[in-house]
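Presented below are the structures under discussion, each in the form of structure tokens.
Next come two complexes, and both contain subunit A; in the first it sits with subunit B, in the second with subunit C.
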Partner chain A sequence: MKKLKIGVHGLTSCYGCQLKMASLKLAENIEIVYWNMLSSKGEIGKVDVAFVEGSVSTGEDEEELKKIRENADILVAMGTCATHGGVQGVIFGEDYKKCFKEIYGDNNIEFDGRIGEPIKKYVKVDYNLPGCPPEEDEILYYLATFALGSYPEEKDYPVCAECRRNGYPCILIEKNKPCLGPLTVAGCKARCLKYGIECTGCRGPLPHNIAWFDSLARTFKERGMSKEFIKSKMEIFGKQYENMEELINKVFE
Partner chain B sequence: MKIYREIKIDHLARIEGKAGIVVEIGEEVKARVNVTEGPRFFELITRGKNYNDAASICSRICSFCSIPHKLTPIEAIEKALDIEVTEQTKILRKILYFANIIESHSLHLFLFAMPDYLGYPDAFSMAKKYPKLMKTGLELKNFGAEVQKIIGSREIHPENAIVGGFGKLPSQKDMEKIRKMAKENLERAIATVDFFAEYEYPSYTKMERKHLSIDGYEAYGNKIKATDGNEFSIEAYKENIEEEVVSYSFAKRGKYKGEPFMTGAISRIVNNMEFLEGEAKELVKKYEDFIDSKNCFANNFAQAIELVYFTQKIGELSNIKIKEERNVDIEKKNGRGIAVTEAPRGLLIYEVEVENEKIKYMNVITPTAMLLPMMEIDAINMAKGLWEDGYKDIDLIGKKIEMVVRAYDPCISCSVHVINKK
Partner chain C sequence: MRYVKIYNEKMQEFLERLKNYGKLYAPVKISDKFYDRKEIDDVKKISFDCLRTIMPAKKFFIPPYEELFEIDIENADYKEKIEETEPFVLFGLHACEIVALRILDGVYLDEFPDIYYANRRKAGIIIGLSCLPDEYCFCNLTRTDFVDIGFELFLHELPDGYLIRVGSPKGHKIVDENPDLFSEVKKEDIDAFKMFEEKRQKLFKYYGSFDNIRYILELTMKDKIWDEEAEKCLGCGNCTMTCPTCRCYDVQDIPDIDGKHAKRIRFWDSCQFRSHGLVAGGHNFRPTKKDRFLNRYICKNAYFYPLGTSYCVGCGNCTYFCPANINFLENLIEIRRGINA
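Up next is the complex of A and B:
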């Protein structure tokens, strides 16, 4: 079998997706061309698949991302920073200079910083590998399909599907907890629900415009939660979803 | 100033996060660690968030130390709200801490640092020649990860730890599994110490330096201790550790009384040697020359000692009899709290102000931000020493400078998330 050449890259992030990937035993027919976190060898060059973790938060990030795209047949956005901007994307829409001043004062830093954005804003993304971080079986599934010349199928159903299948009690209905499971793309096997913790939405909203922020916001509202609270909860991992704010606002009109 | 040579490494490999280093060799030698990892503004993104959500956001500061970045804000929030968690919660959190240090240290020692010692570009190629050694490292890493998964729900961004306690408690069987794993991994940890005891430290990086750590070999503490004999309460952190902004770094940098200092594994051992027990104590006695407070390379050795010490500690603490109990009730809605813990790389400070169950103010100082100025001094001394001794090969000097950086095990993702408002 032909070897699958991969590159693994980190933009601005916590490096958790790469750490998760580094914990896996990769098959012999996967050749790592570039993985700066693990190797001082290699340069960004031609690969079959590039996995990119992190959001674009500097001009340098953008430059590097474009170079990665040019050299990769397939580009995978790995993890919520890459797919949705990640937690740092929650201030999306704010003025960068204003944010900078609040943190660094009147000092000057010579790099071109920005508010974090998902990588699809800058380059074409072929596949999304969601998660904060992605689960082991998902990373292996993506790698295996590429290695076999096939392609992975992205999940389009919510965490609730996995939660119910596992037989966990619904903490939204039974305990009134603000669970974001109904909006969030599945794949984690409802890990947090197993521990009685409501879903924080860390895997990002469902794709294909089927993340019904409005309907969940209405459910929360009926349970006495304020608009401010609902928004502050949903925006942590969903701020850069196309019409999140609009959908929530609609419920409170 | 006349510059004879410039060494520039844009994107340092085998570290956590994105940073480069520039060393100029001239009449004077200068070094700067460029932190190019972008800003993430944690102070802004946690503002107005419910405190549990804010703690979840903070864990995203760094994957290698997501336990400290979850538990330290939780501790600060609990102090703000006058919550005293149960003894059982305290013990389980300690186990989480120590397991995280084991995972982080073994990742760093085996995957990042060891290839330098054995002359390989990475652990993949090293593993072909040294499969047994690599296996030891991965087993240790998995041990740390598995314990975090059992108690914290996952090894990266553990959501099970919340303000007041846990979502779900581990079972007695889980604790037995942890104890068994600790027993199995002690030999592996000792083997790691023996490995690093084969290598002498470079003399160029030897100089007097100050070490800061918590008083007592613990995860949490109320007092910070320095090797100059000074001790201060964590409430007074701002008066003792100041920060500066430099133009070439999104990370702020820490100074203690205006001077660079060290924190982390070697500082913990230097300051708290008397607390070490069992095998860890024996090993420190056996290899006492390696506990060299003057040399940054002692940090790698100290990390190996900590693998032993914290594996022992997990073995002891996991003897706990788990009893079903409810989380502590939270009544207060407002307050201010400061917490300091020992993350894998050293002191981690969180200060929070909670207003109406939401975060109003947050300040974080990470160990890597504290370390950067000292790291630059050691990089300068390494380059200078080699150059003056007649080594003119830039690649070789570059490699040695990278080793200096890796001795510190910097965590760049952490460092750029310094969120203090001046």
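Up next is the complex of A and C:
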């Protein structure tokens, strides 16, 4: 069997997705062409699949990402920073400038700092591998399907599906907890719900415009939660979801 | 039909003896409000007033996840992964849940029986239990409030025990093998049974015939109510996952990383999810949330001809477990407005 050539890349992020991937036992049919976190050898070159972790938060990130894209047949956005901008994507506009100044002061710094954005804003993304970090079984599934010359089926249903399949109590109904399960793409097997902790949406909102921020905001509102509280919960991982704010505002008009 | 009685004092022993017939599963409390049917070690923990479990009884026959095939990629071969199912006892199924299993039978045991389902169904021993409806129940409207068939034993609450209907050869066997547990039904037991039925019938929220609802629904599909209700919907799928008759699944092949083996898995899917209506070529039969929302109303109220009922058994689970407080029954009552019968 032909070996699958992969590259693994980290833009601005915690490198947790790569660490997760590095902890897995990959088979002989996978050849690592470039993985800077594991070895400084190698350079960005032609690969079948490039896995990109992190958001574009600097000019350097953008350049590197474009180079990765040019050299990869398939590009996979790996983890919530790459798919949705991640937690660093929560700060926008004037807030961003203020924040940047607070952290870096007036010193001249070498990089061109930007608002963290999902990589799809800069290049074509073929597949999303969601998670913070992605789950082992999903990383292996994506790799295995690519190695076979096939492709992975991306999930487009919410965490609630896995919560019900596992028979956990629904804590949104039972305890009025601000659970983001209904908005968040499944795959984690509802791990937090297993421990009675509400979903914070770390895997990012559902794709294909089916993350119903408006309906969930209405449900939260009916349970006595304020607009500010709801927004603060939803924007942690959902800030860069198209018209998130609009959808929440609509409920409070 | 054969009738026997069991006194309350003998119930604990009865439950213990049920374990002789297979692993015993019964409702237990799993959190402040919710119940689920779990394997029972200590029979004192069984809840007798559980009306609904967060996982319907279908989980014992169509598990949320299961492996169907082992696939040998190199040799382009596969093997069905069919395991012998040990007998098991499901205690405390209410009438609606038993009808629900019969509806699943109609789908899974038709001219092309699903062998995975059939094996489990053969191994399952069903012990029914009477109940008093709450505000969510409407099995009287769906005519699923009393079952004639589909159980081994059905226990009807009496002041000092239970009147038991014996519903199958296996049920007879359980009674015959444990003569010390059962007594004859007396006149006062029959009176108490009638009183219980009378009390039960008075507790439902709505009365009348619901048989025309599927046609009224078809005629009112363009009504504004469906836009408004679909807008509230979170698309979370709780309604279908907790529905005792929703049975749609997805099948996926998961290859191993070495590229030599794969498994074919099946898991609970939902018509409320986008990809459920997606077919090859990218067409989606239910592209909008409203399409998906209405689909469930139409599917549940469709006519299930083998039983002469609808696919909905009136259990109220979809409303009880809806985080957005969407009320299935009230929506149907709303479109039926004008009929007072």
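Rule of thumb we're sticking to: the second predicted complex is superposed on the first by the 246 of 253 C-alpha atoms of A that agree within 3 Å, B and C clash if a C-alpha of one lies under 4 Å from a C-alpha of the other, contacts with A are read in each partner's own complex, and residues count from 1 in each chain.
Just so it is clear, a residue touches a chain if its C-beta (ideal position, glycine included) is under 8 Å from a C-beta of that chain, and two chains touch if they have at least 3 such contacts.
The structure displayed is predicted, hence computed values, not measured ones.
K.L.:
Identify whether subunit B and subunit C fit side by side or clash on subunit A in the overlaid structures.
P.N.:
fit
K.L.:
First (subunit B), second (subunit C), both or neither: which does A:Ala144 touch?
P.N.:
second
K.L.:
Kindly classify A:Phe252 by the partners it touches after superposition: subunit B alone (first), subunit C alone (second), both, or neither?
P.N.:
neither
K.L.:
Of the partners subunit B and subunit C, which touch A:Pro182 in the superposed model: first, second, both, neither?
P.N.:
second
K.L.:
Just to be sure I read the superposition right, which of the two partners does A:Phe229 touch: subunit B = first, subunit C = second, or both, or neither?
P.N.:
first
K.L.:
In the superposed arrangement, does A:Ile210 touch subunit B (first), subunit C (second), both or neither?
P.N.:
A:Ile210 contacts subunit C only, not subunit B.
K.L.:
One more residue to check, A:Gly167. First (subunit B), second (subunit C), both or neither?
P.N.:
A:Gly167: touches subunit C, not subunit B.
K.L.:
Just subunit B (first), just subunit C (second), both, or neither: which does A:Gly116 touch?
P.N.:
first
K.L.:
Taking the superposition as given, tell me the minimum C-alpha spacing from subunit B to subunit C, whole angstrom.
P.N.:
In this superposition, no C-alpha atom of subunit B lies closer than 13 Å to one of subunit C.
K.L.:
Could you pull out which subunit B residues touch subunit A in their complex?
P.N.:
11, 13-18, 36-45, 48-50, 53, 56-57, 60-64, 66, 107, 111, 115, 121-125, 141-142, 145, 153-154, 156-157, 159-160, 162, 166-168, 245, 247-250, 252, 358, 402, 413, 416, 419-422
K.L.:
Across the complex, what residues on subunit A touch subunit C?
P.N.:
1, 25-30, 140-141, 143-145, 147-148, 150, 153, 156-158, 160-161, 164-167, 169-170, 172-175, 181-182, 208, 210, 212, 214-216, 218-219, 222
K.L.:
Quick check: in the complex, which residue numbers of subunit C touch subunit A?
P.N.:
30-34, 36, 54-55, 59, 64-65, 73, 231-238, 241-242, 252, 254-259, 267-268, 270, 273-275, 289, 321-325
K.L.:
Would you pull the subunit A residues touching subunit B in the complex into a rising list?
P.N.:
It comes out as residues 10-17, 19-20, 22-23, 32, 35-41, 55-58, 60-61, 86-88, 90-91, 94, 99-100, 102-105, 107-111, 113-116, 132-133, 191-192, 194-197, 200, 202, 229, 232-233, 236.
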